[in-house]
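Have a look at these structures, which come just after this line.
In what follows, subunit A forms one complex with subunit B and a second complex with subunit C.
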Partner chain A sequence: MSHKGVDMCAVPCGDASVGEKIRKWLASQEKENVESFGYPQRLAAFHKLSRAMLMRDVKLDGLVHLSGAAFLASFLDGAHLESLIRREIPHTDALERFVRIEERKSIRLVRRGTVCHWLAGNVPLLGAFSWALSALVGNRNILRLSSRQDDVVTPIMDVLSDLDTVGRRIAAETLVVRFDRDDSEGHRAMSQNADVRIAWGGREAIETVRSLPCPWHCEDVLMGPRASIAVIDAASITEGAIGRLATDVVFFDQMACSSPQLLFVRGRPGHDAFDRFLDQFSSAIASQSGAYRRHRLDASETYQIELDRARVVLSGGELRRDANTQWTIALVSCPVRGVVGMNRFVQVVPFESFRAIWEFFPANLQTCIVQLGATDLVDFTERAALLGVCRFPLPGEGNHFEVPWDGSLLVSRFLRWVTRTDPAPAP
Partner chain B sequence: MNRGELKAMMAELFRCDVNEIQDTTGPGDVTGWDSLGHVALMMELQNRLGVHIPVEDALEIASVSDLVRILDRIGSDVN
Partner chain C sequence: MIPGVPSPFLADTRPYALVPPRKKAHLLESLIQVQEFHAVRCGPYGRLLSEWRRRCPSPSEVSDLPYLPVTVFKDGVLRSASDDAMQLNSSATTSDRSSMVFADRETRIRQTTSANAILRDFVGYERRPYLVFDVEATVRGGAAMSARGAAILGLAHLSSEIYFVMRQEGERIRIDRAALRRAIDAVSGRPFLAYGFTHVLYSAHQELREDGPWSWTAHPGSYVLHSGGWKRLQAIAVDKSRFNAIIGGVWGLADRNVIDFYGVIEQAGIPYPDCEEGLKHPPYWADVVIRASDSLDPVDEGGMGLIQLMNCLPLGGPNHSVLTEDLGELVVRDGCRCGRRGVGFRFMGRAPRAEIRGCSDVAQRG
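Moving on, here comes the complex of A and B:
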């Protein structure tokens, strides 16, 4: 079964232009005099969707095996969504009506209108997170997939449509379009109809979206290229936490911006704690590389891994690796210039003082997974936050999407904040 | 809920025989206990026991024994 929104564009836009499809869809949205559903009803619908995912609804067969499906299911859980919304919006009643926030001042939160999402090619499920938050507060959504991407969205819409009238409405308020990255007419058509543009991806993708014409009031949320690291005290990390750190590296093949590529490990090679860490981490990476399926490496990716390995060896580093190109741990005294660090390739840099590592922090830092003693944690995070780190999760939580993300609030930007001055109370 | 009931619930959730769920059984040991199954298990326990299992605790569960220990610590006695 397909619902109205997806039905229009579940296939590549083909003969009819993207612009025409978007215009028709928007016109149909305006015309429909349907019952509007509020935040509590929408929250309940997403909770049901989470349950359908966890119960492995047959329509989601292709989705539940994807990396990140479990993250998405737990993300959509009603209690979890509500806790995220409350981080940004203490008075959720304001999503339904004016709420007094001071003696004579009230506030009301209104959906912005049409939110256009450009999904990332590497981790398309990320777009489902922003879509859910936007739809939760009542926006219409247009999601753009590239022609080559697997459509992870339509199966979700189909299940949502079958849930109840609220789910059907949310699905109908969602349009999926597919067009090539070179289709400038398609990009422009989306952008010109956007009240909010949200783009996930690399520099080129972000700059493409940014350069498109859009209404003057359009809000931009740009989730661009980011790098992530881990800072670990070898003496205090447990074997379980080392296993979870390996999961952070392996899970999305380091294609997610939150996957660590550099590990700074306090300790010295040749000393017990450091060597124990390296042995246990190598075992965990090796076993998880076997356990978690990965995409098939193409020739350029394989070449890149071999090139990175050569760079490390020529720089005096040591390699721990499998017999092929499944995984690589490079023990280096400092990050090796030019190493890309993708597809389960991580550089481990020993250190003794935080002062020795600040200079190696990438300028576009997003996530810094930390496992440090309590005092170190406070000292380190205070300084590292000033250097650009946006989040400090524990090992195993690196890839858990949360808000704020990339240092920015998300839900509040999907809303217009309306104020009202209230009359003085009667004497 | 006692330990036997916990295992029966897990077997139902993971669609496996209850005898496959031993104290040492962990994620990946039975077909249904994959990442999605793990999230489903946490949600089900939270619903049934009325407790909140923090993410960091959920991530540390490597066996049924770990699960029981964590439930015990957050105030839900499973023996």
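Moving on, here comes the complex of A and C:
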């Protein structure tokens, strides 16, 4: 697809090879003055994009239904982006020029060059977060979508390039390629031209990217595969927070690494607080499952849901579920071995002491949504952080992308950190 | 006879003779008896049945009855019979685990009666020489039996004599020309029955073709049966018509004499041979429900989805109603031109494994 001077390949690259497209695009980029717009101008452009998305620009009609589109719009808000940047980069002036950080030491932050993003199937908007942060600090970006995915990126680029010259420049610095996951030539062509590789996806997708040849200096940022949980005190959580917790489960159909699969709930079945929690949580999951559209399940996903349900019941657990395959809450005394917990399937494990649940924390843990009393929160998070948890958001914030992510800084890895020793001041 | 579980077989009734309303009445009652039997003997199954009843207390259709996904038979032991029941093991193709299902003596008798009745409806009642494209060791399972072994023995009751025509050579099994020659000499122009796992049968016949000219015309009333799935042949781009041409070509048999039948170890005793119209039919003591791939609702004619299989035979464990990972198409509810009554379905193959989606992962034990 080519539009408004933006050289994009947002269609399956069947006619010309992906490598050829990338080579031509990179050659065209070299001719441009890529330093022409700095961080403040780029920040302003993203802020305008955020406004356009919130105002529902007609070009984005196809995105309205997409999980996370509204969150992406608020993510791109200028003040929000700046706050994220400042978490990692105290001296943002260093994005423009050398900035003195010690008496005789200055630092300058320079874009790395070409950042290649492999977007996750079903949650492609997650990749838009990394694209925005990378582009904000001046990198060129290549975004790879599966040929089976809807192209959610090009409509955003259309809006961006219509905003102003800065937006047009950022869009022109973005190449969208679509090719099949088995197209090894396409993957290789991207990887060989990457200064940073960022991969979103499951185990197979991540390992595919890791195994590709790349320049020796290439930085790898791997987002996933991870599992997430929630730890809740049934006695202190409000009905509103329970509804937001349900949203965390339902929103990406648990396809996101931040989606909780296991809920550890302090309380005892048969006691008021716990039973109230379970009733309200079930109602919230049921109503939100109806409200939030989801992808059409394929046979293997449906089979997995039925298998998970059977495994829970055969092992002594209880189910709350709809009549079909929309949602499942499994009440179990401990996580049932083999249960995948995908497509709105969550296991609820009652507990009374934190000591009883540490052993059930997954080794590949990312997010732990917490709703605990103040003292418990401090005690719990200190220990859980050592067990691998990367973030402790509140209910409703589980899927809010933020930096650091997966336990690592992000923006700073899109930059080269350059130091300069300054001459001694004249005596 | 087990108390509370009468024989599912009706006197003087052919397997596919019952009209749908009569079949439903017979099957629903029989299946409920079987599930009650398992519920009191197999604790985990009893829990599953209780959970199901909360949602569906009064089943009025066979499709209202509970099922177990076949994978749970790989997870652990689900048994209603005593410890001396024979264990049947599936071939572990897509995972490194095989299913464990149990068949006590009564179940094995039922399975044999069932398989005989079904297969005779396709190949006739007379006993014939039986050529097995496998090695004899496959059926020597002791306390456990493989799916291949069970399938071979399932046909043995239709035979007058049995000839194994392959031999073990290292890791491979290959055609044993001397054994085959002896078998053919013994058959001596009579109609025979042959069976092999689909990929084994194919490789054996390829070997026969490659090793030199082979000219021996079978009696036109002979049948070559096979089962076990097409996965390995699809990988080398061999479809059903090419397969039939190769097998039929070796023996000079028409396509219709090469019969593919579908079956799973969890439903041993119920082979599903292709009829003349290319469809598969359950006998009156079994049924098939095709469930929509997304909602699991039973589909209408023309609909595709996951195959649920059920039958009244198993007393060794609660494998009488299973949701498979296979896809099928419900072609007719009744009225197949082959004359067999009831559901006619087409087997579409194994459901593709879920594409990896998103950056989520299965929680891994720490």
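Here are a few things to note about the model shown:
Methods note: the second predicted complex is superposed on the first by the 416 of 427 C-alpha atoms of A that agree within 3 Å, B and C clash if a C-alpha of one lies under 4 Å from a C-alpha of the other, contacts with A are read in each partner's own complex, and residues count from 1 in each chain.
The rule is simple: contacts are C-beta pairs under 8 Å (C-beta built on N, C-alpha and C of every residue); 3 or more make two chains touch, one makes a residue touch a chain.
This structure is a prediction, so every number in the text was calculated from the model and none was measured.
Aligning the two structures on subunit A places subunit B and subunit C side by side, free of any clash. In the overlay built on the shared chain, the residue A:His187 is in contact with neither subunit B nor subunit C.
In the superposition on chain A, A:Tyr303 contacts subunit C only, with no contact to subunit B. In the superposition on chain A, contact of A:Lys48 is made with neither subunit B nor subunit C. By the touch criterion defined above, A:Arg320 reaches neither subunit B nor subunit C.
In the superposed model, A:Glu397 makes contact with subunit B only, not with subunit C. In the superposition on chain A, A:Arg144 contacts neither subunit B nor subunit C. Among subunit B and subunit C, the chain that touches a larger number of residues in subunit A is C.
In the superposed model, A:His117 makes contact with neither subunit B nor subunit C. Subunit B and subunit C never share a C-alpha pair closer than 21 Å once the two structures are laid over each other. In the three-chain superposition model, subunit A touches subunit B and subunit C at no common residue. Interface residues of subunit A facing subunit B in the complex, by the touch rule stated above, are 50-51, 53-56, 64, 69-70, 73-74, 77, 79, 240, 243-244, 291, 394, 396-397, 400. Interface residues of subunit A facing subunit C in the complex, by the touch rule stated above, are 120-123, 126, 200-205, 223-229, 252, 254-257, 259, 261-262, 296-304, 306-307, 310-311, 313-316, 318-319, 323-325, 335, 337-338, 340-342, 359-365, 387-388. Subunit C meets subunit A in the complex at residues 44-45, 47-48, 51, 55, 68-69, 71-72, 75, 78, 293-297, 305-306, 323, 325, 327, 351-366. Interface of subunit B with subunit A (complex): residues 28, 34-36, 38-40, 42-43, 46, 55-56, 59-60, 62.
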